[in-house]
């Protein structure tokens, strides 16, 4: 089944849902689905005998300014076909239902997206920061993120030797010390 | 002794009672003959740094990416290397003398501590001025000493005349 | 009669522990030797490579991909090059494709050598590890000749490779393979089929097919669970369609399909296949260019791609969004170790501490690849 | 020892005026001190160097080669370094037990040397309960290890200590049971009596006496490895699992004591195996008439030489095993003990008794020992053949010089 047919099948299965099928500027045509229907659509994609998208190949998050996007790259080991879904949520309230119940492997991907992009996966059983310390402020992969000046009294930046250097004449010193 | 039934269900066990004893004896003998065989062979260790037949530096292949080196005589101050460096460990400052309308390099620093020896700066260099050496031992007592300065502070050096090739490069950059 | 009260013990395994490859931490709850629950704690090696990608150019990101998976850096290079080439529609000369595959497969062997040696060491046999490091050293020498570095190669460039084969490389590579193939058999005799080793690994932490797929396991870990899926074969890229090789899958040789032993033996067999690929590539390699003409400053068109390729630790996917500028808009790296680490919590209930060590090394997790 | 005392007293007449008990005591103490200083300490140290060198060569490395000629003084350097290190006690540790534990381990190991023979007449004390004393006193080590593990107040140490206790207590049983056939054949518990019951030639050794002692030999040897925490039974200090097991928190000299005990124990395992199964110091009697005719038989030079040579060979085998095999899991280790070793050991005892009765009736059974000797010879032959095959397949070259 080709990728577009899969997406069309989804659209036919869920009439009345505001889908958006996009084929431009991408290698895989994708379907933008409303956030609140994510879990149901994903369950259909996994369970439908023609689709059987049984693996969540990748879950990414993209900061697109006012909108944060969650991208699901799905794959079926049975039929060997791909499918891509996108969920767009406003930056102010980035709430997406978790797909952990559909693909258990999504748990850590969602934790990563929460940690680095600040997307709130509702219903996730263990939504903690994964890469960064628990008391880190902000979500670094957002474009407007500014690094903290210091973390627990430790500076997060150091002097660049190249900028400090013109003051001292390092190679000369080395010769003397030798 | 009665042979126990196959215990495949128990994690980590397989085979019959005596089968396992037999397997253990044979496989352990196989393993021990391999290790004893190596005991009888020449070790392969290279005793760096003082007991090598010749200095390790000389045994490195030609393409080895060691500490960067610059030939000031051929540098055209095209800044291609500075642009190519992903971490910005190369700092070049060029001033233009207003009277003679000549360009001078007043600063060419490479921070070896920061350099990740990727070789991306060598590729675009038109005259082959910047290149990797076979030098890899860079330990010093202070990280500042790892900055290589190719223009002595306070001096200015006239860059070499760009050859034809550099113009192509410059053209390619614009596209 | 006095009542015997026991309580669970919380054990902190890592970040400094001999068998956590790289810097990992596990919070174990155990009843003596038997583990009740495992909470992996990652992030000690988080170097924000995805954020760095937004600040550097497409060419300039290549050295960073070395650092994503330092044990199989060439495969990581390869994946990034494929991604950008697909996005921009850049062509690669055929000779460069062959060079890429030779380098990537050599690197795959060296990565598996590390994994197998370390796994043997975690099980308690120290000796196979130096043997494998010795073989890996030869590969490192070959790759050093080829690209100038031993670990962070930065060899593959977008639109080609950085340098052609040095003189005599072919002979030296063939001589290495001739020497290496019997060494695999010797290794099997030394450790793989050792009764103690087999008993330590057979039927330990069985990951069945369905679970492996649902938890998004990839690469050798997935194949060990009996899924015959290899991107090099099933979704061919580069010149993989032109070479012949098999995909080893877990057969449950000494236990059940998907146990630790299968994850071990799949990699042993994969080394043989890689060696086969290298031989064919060295034979078939055409003459010609190694780098297509590309501008110094790449500006791929606006758009997005998701490209997967088979790294040593399985599927390495780069999701790349471009805004048409000099820097990528967003790069998301999907690595094999990440999902392998995610499954740890699920499958490690009720095993013993010694099995935990076997599980960690059998999944072949590389800490920087998890954290990136 | 008595014979040595006889010899000394006989040759030094002024000693005859002192009561004989005191002379015996002084000679014994002198000999014990000499052994601690010149044999155990040297042996443990040098074995550590030998082990590292052998391990190096097995792993295609060189091993320590910088301190002294060929790195021979490495063990002194290491000992000195550890001696100068801070003797660190963790704040949460039970200080008294923590400090005491290494001594108990050390004492348990060293006390065994009292009955380890070195030659005909060369033994600190030829106790009439010799081997029984070994079994009893070596159990002291468990207490020390458990103490060190528990008092460290470190969970990894505790696990290591617990594993060790379980392991040593379990393996005590097959080891003791494997000794019984030998005691049955000898009719004595004394170490020298056991050796005297065997002969100088391999087929006269107890290991090849009958099929049951043949099996008992392997059970004893492997069981002794397990008691000594050597690979494949190094579960208490499994470095990839438990960091360093019971000695994780130790540093400085106390750390050295554990290793001192471990390497001394290496010799004990080897010496006991040689005593019980491999003929001990027995040398052909005519050797003396030909070679050592001048010497009194009580100073058994050739015997001591043969005994130590056999022991060193076994030490090498133990090292060789260690650097080949992986480690068992803790439940598998128990499994091996209770499901394999213990039943076989019991069968050995019964078998030996029946054998002894039958052998009296049918002397023809005496020829079985030659067959077993040939079977035993097959093992090194098979290994040699496998090595030749490996060399042929990998196109390797022999390089016998141990000093690169």
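As written, the chain order gives the labels A, B, C and D, with residue 1 at the start of each chain.
Here is the rule we go by: a residue touches a chain if its C-beta (ideal position, glycine included) is under 8 Å from a C-beta of that chain, and two chains touch if they have at least 3 such contacts.
What you see is a predicted model, and the numbers here were worked out from it, not measured in a lab.
J.: In how few steps can one go from chain A to chain D if every step must land on a touching chain?
T.: Step count on the best path from chain A to chain D: 2.
J.: Averaging the CA atoms per chain, pick out the one whose centre lands closest to the mean of every protein CA shown.
T.: C
J.: Please tell me the distance, in whole Å, between the geometric centres of chain A and chain B computed from their C-alpha atoms.
T.: 33
J.: Counting only Cα atoms for the centres, state how far chain A is from chain C in Å.
T.: The computed centroid separation for chain A versus chain C comes out at 22 Å.
J.: Would you mind pulling out the distance in Å between where the CA atoms of chain B average out and where those of chain D do?
T.: Chain centres of chain B and chain D, defined by C-alpha means, are spaced 50 Å apart.
J.: List the centre-to-centre spacing of chain B and chain C in whole Å, with centres computed as mean CA coordinates.
T.: 21
J.: Where in chain C do residues touch two or more other chains at once?
T.: 127, 131, 134, 186, 189-191, 194, 196, 199-200, 355
J.: If I count partner chains per residue in chain B, which residues reach a count of at least 2?
T.: Correct list: 12-13, 28, 30-31, 34-35, 38, 44.
J.: Please output the residues of chain C touching chain A within their complex, sorted ascending.
T.: Touching chain A from chain C are residues 42-43, 46, 48, 50-51, 86-87, 210, 213-217, 227, 229, 234, 301-308, 315, 317, 319, 321, 329-330, 332, 334, 338-339, 341-343, 346, 371.
J.: Could you list, by residue number, the parts of chain C that touch chain B in their complex?
T.: Residue list for chain C touching chain B: 56-57, 59-64, 66, 127, 131, 134, 137, 144-149, 152, 154, 162-163, 166, 186, 189-191, 193-196, 198-204, 254-256, 295-297, 351, 355.
J.: Could you list, by residue number, the parts of chain C that touch chain D in their complex?
T.: Touching chain D from chain C are residues 9, 11, 17-19, 32-33, 120-127, 129-131, 134, 179, 182-183, 185-186, 189-191, 194, 196-197, 199-200, 352-355, 357.
J.: Within their complex, state which residues of chain D touch chain C.
T.: The contact residues of chain D facing chain C are 55, 58-61, 155-156, 159, 162-163, 231-232, 234-235, 238-243, 323-332, 390, 393-395.
J.: Across the complex, what residues on chain D touch chain B?
T.: 54, 56-62, 65, 320-321, 323-325, 329, 332, 335, 339-340, 343, 347, 379, 382-384, 386-387, 390-391, 396-400, 404
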